[in-house]
Amino acid sequence: MTTGATASLSSAVRTSAASTAGNAQRVDPSFLPTVEALSHENIRRCYYCLKCTAGCPTAYAMDYGPAHVLKLVQLGQKDKVLQSKAIWMCVGCETCWTRCPNGIAAGHVMDALKQMALREGYAPAERRVLVLHRQFLTSIRLFGRVHELSMLALYKLLSGDLFTDLDLGARMFLRGKIPILPERIKGMSKIQQLFAKRPRGQE
Amino acid sequence: MAEDRAPITRVLIIGAGIAGIQAALDIANSGYEVVLVEKEPSIGGRMLQLSETFPTLDCAQCILTPRTVEAGHHERIRLMTFSEVIAITGEIGHFTATVQRKPASVNWDVCTGCGLCQEKCPTKVASPFDRAMGKRKAIYTLSPQAVPNKPVIDREACTWFTRGKCRLCEKVCPVHAIDYEQQATTTQVEVGAVIIATGYTLYGLENLGEYGYGKIPDVVDGLAFERLLSASGPTAGKVRRPSDGKEPKQVVFIQCAGSRAPETAMPYCSKICCMYTAKHAMLYKHRVHDGTAYVFYIDVRAAGKRYEEFYHRATEEDRVIYVRGKVARVFRDGDQVVVWGSDTLSGASVEVAADMVVLAPAMVPHPETQRLAEMLGIPANEYGFLLPLDDNILPVETTRPGVFLAGAVTSPKDIPETVAQASAAAAKVLSLFAQWSGVPQAMETPVGAEAS
Amino acid sequence: MKRIGVFICHCGINIAGTVDVKRVAEALKDYPGVVLATDYMYMCSDPGQSLIRQSIKEQNLEGVVVAACSPAMHEVTFRKASAQAGLNPYQTEIANIREQVSWVHQDDKEAATRKAIEHIKTIVEKVKYNESLIPLSLSLVKKALVIGGGIAGLQAAIDIATAGYPVVLVERSDRLGGHVGKLSGVYVNFNAARDLLESKLQAVQENPRIKVFLETEVEELGGYVGNFTAKLKHRGDNGGEPTFSEHTFGAVIVATGHSLRPLSKFGEYGGGRYPNVIDALTFERMLAPDGPTGGEIRRPSDGQVPRQVVFVQCAGSRDPEHHMPYCSKICCMYTAKQAALYRQRVPDGQAYVFYIDIRSQGRDYEEFVQSAMTEHDVLYVRGKVARLYEEDGKVIAWGADTLTGKPVEVQADLAVLATAVMPAEGAVELAQRLRIATDEHGFFSEAHPKLRPVESLTAGIFLAGTAQAPKDIPETVAQASAAAAKVLSLFSQRELVAEPTIAYVDEELCSGCGLCIPACPYQARAMHPWKHKAIVNEALCQGCGACVVACPNKACKLRNLTPSHVLAMMDAYLAEV
Amino acid sequence: MKYSYYPGCTLHSTAIEYGWSTEAVCEALGIDLVEIEDWNCCGASSAHSLDPHLALALPTRDLMRAQAVGADIVMPCAACYGRMAAADHKMRSDSAWRKEMEAEFQTEYIGAARPRTLVDVLGNDLSPEALAAKVKRPLNGLRTVSYYGCLLIRPPDLTNRWDDPEHPVVMDRILKALGAEPVQWAHAVECCGASLALDRADVVTVLSGRIVQGANDAEADCIVCACPLCQANLDSRQKGISPKVPVLYITELMGIALDLPGRSKWFAKHLVDPRPMLRRKGLE
């Protein structure tokens, strides 16, 4: 994509909190085009009408609403974005995409940003969200299907979040909603092959 | 008294920018005489300074030159350039205007416009037409395509007038047209109606100290940037910054420089800047592929046919970066111009180390317009824009019967609106003249008579 | 051999930036028939035209080729210049080396230069065969048809009639006044729209030269500039059969106005199912003294005075994905007006305006919006509303706040949507009947966006008001007068002059087969009443050449584009290849 | 009517009552569900959050295997549907990707079968009249609010608008045919908090709580839904809300109306026990 145009960004733009304009954060030149390539979304189309934020169910619990995330990506604010809670709070409900006047699926951008944050070693601002996603995928990797009991146990252990919802879990268990033994599919070798594949462009 | 004489079916149009030219052509092509007065040596006004026009990117010269040429050659249009109206008396049907022509120091009746004098003249000064982005000679035409294509001598720059030396142009002129003794002349013209189309000038950016205009050479105004983009401009369309002639790789465009600032400058919106800034940023990117363009704005005002789409094209295809917020400060740092702004959308402060800064100054009426308005008794608002009778339903009529307004003289306007308004003013004049010259022939059949 | 001059334009860098114009001039200099080949920065400029005129005289040129931009741009300019020097204008031709060469081959200068040379040689060959032609004279009916009785149509009719020419004004509905007649008042000064309109209505009624047909539409339009024939369809009384009338006109002004995007298109705003979510025109009626509530603001569901009103801008505008990509231009201002009026009438009420960008561009517009914010305490919130729904008798609006970036919720009593301005219903069909162009949305296309904003691409048909694009009242009124000026200019001519470069029939060769008649897209062909030969209606013929292709006997020819011309051009071109 | 059937993981566990009722209802209505042999998990939110390749490859395996049945693929879970629709869309619109997947699974993708949600099939392939004709115990007097959530009807680019994304109607149509009284409310398409169920329960409590409160405000007897995750969130996050609102799968209500056996086993699985309410309405 536009290597030339964005290469010059780094030398030109610094941003900071208003009071410290002097020692502003430098910008990764490839940020915007990389995010566009990973998300397959044309982020430049955003003219910041905020309709996505206005309709986003979890925006109230984000540090930046989805529109702000798009704007920060436009402005090449890599650290801010990849350290944000916002990217982990998106639940992928696709409400933003449904309503965006410019057809941008902000949720897909959020996903690309999560992946980028992980790959580049940014500590996730919502660690438990990441731990749960990982345990969910682990379950698939082991059984081909999700086994709640082992997944939840591991999640509780790894997230350190031992006590929340214990009663809820117990109630579910007692109603026989959480099977003890996992279902394991026959085609596990293919599943494991899929897991072994690194997604293209993410090596 | 006036009733005794037949009203005069001739119009005086003051100002020969696109508004004046359009009105002149509409009226002259309808069979009536036009006196077209312009204070510059040649006609075309602001539009002739432009590079390409939004939203089609037509080259301004290409679409305007046919009109200037047509007006220049029209048998019913009398051009009075390098001239100003110094007095108007009379009433609708019988105005008498006194037009003063400045001394050109060249006898235009014999001058062939060969250009030899300009070529040989040794004195160069910053060209106001090029907004000081280039130089012109002391004897000059505004552009090689000037109508009329006759030069004038800038007496403040010419060394003969300042130091009593040179007279080189006189020596080289093959037809002996140079006349250093030429005096201002006044002419009286009798007309039945008047159209004021004196257009606009730019707000004095020196007043906005925080932007450094006039102090930092690489801070220029939008019209200067037009000249840099123009194929017939001083750099032949190449973007070069004034300080060292380098191609700027980072350009910051600052909108609302003096507009929408009720406390510090003008409270009103200048209407055209959003669109021409989008165009500037876009054309800059077309010329400098590896450059980056930032636009600082308050609201993007792209209201007009295909304007919103044009703005989208700037952001999407040409990758212009829009930052919502006014710039706080511009200062020099080495050979760079540092811009401090903030992005109100993300709440982040933004600092850009730019190579060049382009300000979009507020549009203000010409100071001379005020004098005209006073002579004619036409009200103006506090900023000097002339007031029509009613903004909504009488947009070109004035309190003074027979006097009409066209273009930016009433408020900031873009070209299509100006052209429409100029034709509207022409319609009012044509209506009057038609009444004065009698009902057109063969009009006696009652309308709708043939309806079955 | 004819003495031909070739003039090559740089068009600044438009041509010269890609085509090596010096080399082109050099290559043409010795071409057979060419006695002069020269280049200049802007051939269309005064010195450029002088160069042509002077060369014609000095070199006794009998033909001129100007290598420049498209003939649509400057053919007339250069033919005029030739005529001024005493050369028959039809001995001057354009070789388009800008649109067809430099602009499309910017990345290959060498090939572009070669193509320019080939192109010019081809046109030189054409000029060798050109005859001197005399333009045709056509009669001119000095009477205008104005379609649409809104403020634009009224203004245009008044201006034309005041100048002394008769006007027929047709209006589809049963009353004049259009949208302006429905408004409460205008923005900036709150003047009553009724009063503004009344002065125009009165002027129309009092002018004996204006004939108004209400409940009338244009069924058909034939003919051409100066001589249009219109068939008008008048609605029958009490649902009876319509009646028709036929008229001739010299010019037509199309002022059919606009419609609004219906509420049913906005699913996220309820799609029309919530009584207290209304469009701005409905709110306007509520504000109008002659409206259904007598000017009182009462919400539709229960007639209560709403204490919280949400105004939603850009409902369907600036939304390329779901609605219209363009800005509707008028909404920012009327929303400020409506919110201010609401606050005046309901002093303890709260008005919220959700917007993307405030577009207040006009004299005192910016100040007006500022006064809505500061004097009338209207709360402006930047951000598009994501969703509106009704709950517990409230309209809940979900918006966002720019500064915090967080969602905000307003519990309102009424929501007013500024719905997108769309072309009038049936605009595209009308355009087809009038044979004028529309854009992709159905707005009528102007001849040039900058310098010919009120002319259509069809001679004699002009545009005014929102039928061309969204615009406000001042602009509409100015444009209507501008369209009138074009009509007045046209009517000031004694007769009309038409291009002679059209088809003719060689009677020796015509067998009277009639194949050319259906081939003609302009209805310009007919059979001679008794000679059994095809004839050409010179006023209707556009010189397209369809008949030439259809004719099996080569009896149909175009003036100055005969088979001899074409073969010579082909020879020149193929010699180069 | 034959369909390829993708139950998804939850219908064997946390939403087992949805699984049971789906199978029972379909059998009663003559809908032949052929379970995809050896299906795997669609990857859900976790896959698309962390790994774009897996997010598409996992459901693609299921799409490929479903081709053996040769009929539209029906799935009761909205989240599974979202992933399947995304995978199917990618296979149809990106030929390079399709070729890669065809090589991966050694199968040609014909694309004759389309992923569809169970409510789509029940509401659109079956006429309301035909359904009404089978009703034995009409749900008279039962005030319901239909809850769709997100992925059942969004985004329209993937759902092809099988129902209106802002104002869906399919569940109300079914419920009317069953004799119930669907009530209009404002929360039909709001998000329950979805996958934040465990890691950010506070958010789910706010979002789901608002929806449940909305059902109370509408004086509904129960919320009707068609997604296991939505049901779990709404069912489990009612702390502080009074009265508690039962959250039923649409198939469970169909089971009552069709008077299918073994129902009490389904209702025993709910956290907010629907039986007292059903008893009150004479529908147990």
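Letters A, B, C and D mark the chains in the order given here, with residues in each chain numbered from 1 onward.
Everything below uses one rule, namely that a residue touches a chain if its C-beta (ideal position, glycine included) is under 8 Å from a C-beta of that chain, and two chains touch if they have at least 3 such contacts.
Every value quoted in this text rests on a predicted model; they were computed, and no experiment measured them.
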| item | value |
| --- | --- |
| Chain closest to the middle [Cα centroid of all protein chains] | C |
| Chain C and chain D: spacing of chain centres that average the CA atoms, whole Å | 52 |
| Centre-of-Cα separation between chain D and chain A, whole angstrom | 25 |
| Inter-chain centre distance, chain B versus chain D - centres from mean C-alpha coordinates, in Å | 66 |
| Where chain A and chain C are represented by their mean Cα positions, the distance between them in whole Å | 49 |
| Where chain D touches two or more other chains at once, by residue number | 165-166 |
| Residues of chain C engaged with two or more neighbouring chains | 268, 318, 320, 387, 402, 405 |
| Residues of chain B engaged with two or more neighbouring chains | 300, 312, 345-347 |
| Pairwise touch network: line, ring, star, complete, or other | other |
| Interfacial residue positions of chain A with respect to chain D in the complex | 38, 57-58, 60-61, 89, 91-95, 97-98, 105, 111-112, 114-115, 118, 126, 128-134, 136-137, 139-140, 144-146, 148, 152, 155, 159, 161, 164-165, 168, 171-172, 175-179, 183, 185-187, 190-191, 194-195, 197-200 |
| Sites on chain D touched by chain A in the complex | 9-10, 12-16, 38-41, 43-54, 57-58, 61, 82, 104-105, 149-151, 154-158, 165-166, 190-191, 193-196, 198-203, 206-207, 236, 268-271 |
| Touching residues (chain side chain B, partner chain C) in the complex | 18, 22, 26, 29-31, 53, 55-56, 58-59, 61-70, 72-73, 113, 144-149, 230-232, 236-237, 260, 262, 267-269, 271, 299-309, 312, 344-347, 381, 385, 390-396, 410-412, 415-417, 419-428, 430-431, 434-435, 439-440, 442-443, 445-448, 450-452 |
| Chain B-facing residues of chain A, complex | 2, 4-9, 11-18, 20-21, 24, 42, 44-45, 47-48, 64, 67-68, 71-72, 74-75, 77, 80 |
| In the complex with chain C, residue positions of chain D that touch it | 164-167, 185-186, 214, 217 |
